[in-house]
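Lettered A, B, C and D in written order, each chain numbered from 1.
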């Protein structure tokens, strides 16, 4: 299949460019009879939308979604759910130089190389705007779990911005804490420094990156399809499909490579009649299958490629050139990427939940 | 689809348990008229097979493959290529205690939780033996590129074992250097220490992990399917689908998160009529599409879970217990995982190559 | 994957109920740089739309489509093309009794049995309105062939209505002839009788069925993927996925089962340097692969289920009941199904064209 | 995906040429803990195997299968089940002229056109031998239903050979009746004539075709995935993917096109608390979804293409030529196709059963 769908059974297909009629998603495979209205979707879109704070892009989009199909009298029908958001604050004139030049480390060049054409009035499909469809689709996934796994939790947060790292216990961090500041870091003190760092980057026409950490709790044992569609493999794919990502690690990750087997193994123990592991270096997966322990992972995001400084580049006409980008860009994508990491997690969970039901229930 | 297939157009489906009739692969979608015999496949299987050196498991398997279909008079037919290897040195008796107990940090527990049954005479599908099918499938992929992209190169090597890190230039490391020592690290001096480290681990009934780095060179611009099947997303999925992996990073990776945009961006420059980037923090991909720069990535492998020391665990009967595993196990998976990292790379390349031909040629 | 997508590489995903916000399609996998505007799509939608003549439903829908994504300055981008049509003349009040009762031989009952919920304000997804997305998607497919296979032709027409059968040479029938009368039958004399037959059925509160025949000409040899995705297998699936279809046959079809091998075989002959078969009982396919001979097939459509007569049925409350449907319905689906048969043909052609390019080019 | 897999969740991938190492199947997605041994598979292979009677090909193959993976101690593991049969009685020398010439109406020509190469020592993938994998896969599907739908029945039989048509009540025909004669027609008197007809065809170096009818009973309401993966659409695809098929019809089929809506509609009635339709012109499906009424369909098979008479054809060297085929061929494929029609039915049922469980349970 072409590359704009995600999930085998709970499947989203996203469409839309940053500059064009709008962006949207078709959710296919959603179970019927779930209560679903725009109120279930809009709050997550708010967390993602531009212009929400002083450390995000100042593009103003309400990102008000409309459900065009798949529900009737407030219930899902089991048919495709089409959700879309109209683009309203596109300013293509700010991109006129992009018609002639490639932004360094941006997708412009690769899209041109691959397709021989591109929508240069913005980032096209590589824009963060594409992720609206993911967030909307994930909101539907979340509704699906309301009754069947009411305790399932996905909480992501900013773990580090540039070299500023927060101290957070993944298992006790709450969404409320995450949403209590504009950088979305539950460590309030460090959050302040992170905000300053982002503001400083913007002030100097620069940008910064960082790491997002995410914990999935109360997931049952058994999700994940060996050998290729391992839970962590699909999670890695989902995360690396987000713009600006450069790495993924689960459990002990790269740091765990310096532990010996005797240090790394998580002993199994019985506790109140359930199998638990007092340690969790495995990060909640064993052999590609969830183990009922919390799933903990981290995603690396590079600094935004589009910056306000003059940079060396080449033109579409294949000449060396200089470019100083205009347009409104996030000086740091991480605050707005927190809901994206959660969204991809919900989508992986929903898909593997249905796959597990199909084969093993 | 179920989880034992990889690739949309160049698709492998692997089958087989470590203890059972054998293991194999069906390669579907391979172009016709390619010269293919077992001689194209066997060398890569040799690099993967157990018992190849003193730092791998001592299970003795010749891993001699047979092509059962899909070729005629030495040429591929365009029909499914079925390749298999018979299991010959299985010793289920060494696993008898696995029938009763779960190995810590091993897939035993999760398979039992998911399927309610498992082949406890070895690792079943979670065994490294499953990867034979991947290596065989990748050997076919490699043949496909012989004529169409003769300069395409994939070279992986051990970058670190435990805390011992090699100094290697990814762009100049050769397969010959990699194969010149049993740990598969092109830095000969450090390789020696790595081997000692692995031997020490084995001697103490323990195991070690590490990092494998891989460089793909001379790949054309344009491979990768935004927005979900980005090249690096599929690469991440492929790598995380390998046993014992805990992380993936491309280009600057996690370390790159402390760089500012102005430091991280790779300037485009014209060189001999081609667009190049003197730096390569992007790691060869932009917006999910290859940029014609070298693709550089790293994969984290944890220490082998099965160790010879006594460990705390629980029994199938849900009681706390102690386990000291027998069986023949790798004290470190990395030397044998080098061909696996290369194999998954070839499979991702082959699939995206055909996808690119379909849509953009 | 869920059931609302068609095609592996040229893939459409349709969405929308007959009564709801609208209906639409996402076309993924379309090659880039094709000239595409709504003018390429609207004419086919006109042929499909309700209210176009006195023998179709009188629901008035302009079915004016909008392209929301995937094009830029009149060219396809290689990204998903989202096309939609807003519902404007829905009259849910005409369906109020459907909330309580199941129409005989209609999908109402089965949707309720499967999903436990249904949009009873019209036919929901089983409505002919769903096919708008298919027609729009096929219009894009048609554009794809403009340059690469300019002589490729798909011409469908009404072969029979009830027991009235036309005499048509599939190879010489033209679209112009087909469109020259409202029943879409190139045999002008018989067409008149067909129209009378449909009008008589409507007048008596009844409906009629018939057969559509279709010829695909100038298709190259080599399309179709043995063994499951044979060209005719995918064609059969596409046709049987259309509402009200009950049968599919290709070439000699059911009638050919009374021919002996010596009578049925199409001898190969050389003609002007090309291989031809003077006869074409195979219908243009051999072993699931196109042979470069014309592809000829027929599709059986039953009479419309929703009729204005009183019928015996059961209620949602599981009681015997009587129903006399209101609402505006086609007394015969065939005139409007002609563009649908062509649409599914174009979609199968497009998908297999790209698949062939991927593997065999 | 390439064309050698069938099913989304219960997925088979077949491999193997008629002349080569063997033929086989990988079944992926099968639920775990089902009792499965070769004894569940072999009987269906016996019904399919060549040389079983005087009216089939005289190629002698025991077709003894081996399960290579996916089971342990007699239970399915939930992992891929690999099953294969070795080719033993291949006689490539009988095909030597096929290297030079294309058999009329046979797949030879199309395979050559598509792939530019073919295994001319027999029919390659277009041989009936490929269907071994389907039958083996279907036997696994059948086991899956043992406990969950114990009353589910699939009975196919020969409805007509050439112009000889049997009188059979699809709902009361039993497997025992079908197996009571070598032509597999439950109408014993007519069966005799059919056998004579086939023998006469063989004697004259000719071949005959016919129609197979099939009834699926006790299927629950709700299987089938609108709008493209309708139950009958997938059934049609499955049947048209069988060698030598030219048509498919369900319920009233082509004959039903001369019925008016008032004549064709199946009234719903309550009977013992269940919704039934005293008539069944719909053939057990409504809107693409099973209605709990029996599913009745027919498949048209043409006469075998390979006959012993001299025929006009062209050579690989593109010259007119004459060919009189040697080799051992079925004078009529229908007796051996009965288990194939049943096999494809089981595969469609299994796949849609799992899909229904995933979304709607």
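One rule holds in what follows: a residue touches a chain if its C-beta (ideal position, glycine included) is under 8 Å from a C-beta of that chain, and two chains touch if they have at least 3 such contacts.
Just so it is clear, the structure is predicted and the values come from calculations on it, not from any experiment.
The set of chains in contact with subunit A as well as subunit B comprises C, D. A centroid comparison over C-alpha atoms places D as the chain most distant from subunit A. Two chain pairs are in question, C-D and A-D; the one with more C-beta pairs in contact is C-D. Averaging Cα coordinates per chain places subunit B and subunit D 39 Å apart. Subunit A and subunit D have CA centres that are 46 Å apart. Centre-to-centre separation of subunit C and subunit D, using mean CA positions: 26 Å. Shown for subunit D are the residues in touch with two or more other chains, namely 1-5, 8-9, 14, 29, 32, 78-79, 114-116, 125, 226, 355, 359-360. Listed in rising order, the residues of subunit C touching subunit A in the complex are 1-5, 8-9, 11, 13-17, 20-24, 26, 28-29, 32-33, 66-70, 72, 75-82, 84, 114-119, 121, 124-125. By the touch criterion given at the top, residues 1-6, 8, 14, 102, 104-111, 113-116, 125-126, 130, 160, 162-163, 201, 206-211, 221-230, 232-241, 243, 245-254, 256-270, 273, 275, 277, 281-283, 285-292, 298, 300-307, 309, 311-314, 318-320, 355-356, 359-360 of subunit A touch subunit B in their complex. Within the complex formed with subunit A, the residues of subunit D that make contact are 8-9, 29-32, 78-79, 226, 354-355, 357-361.
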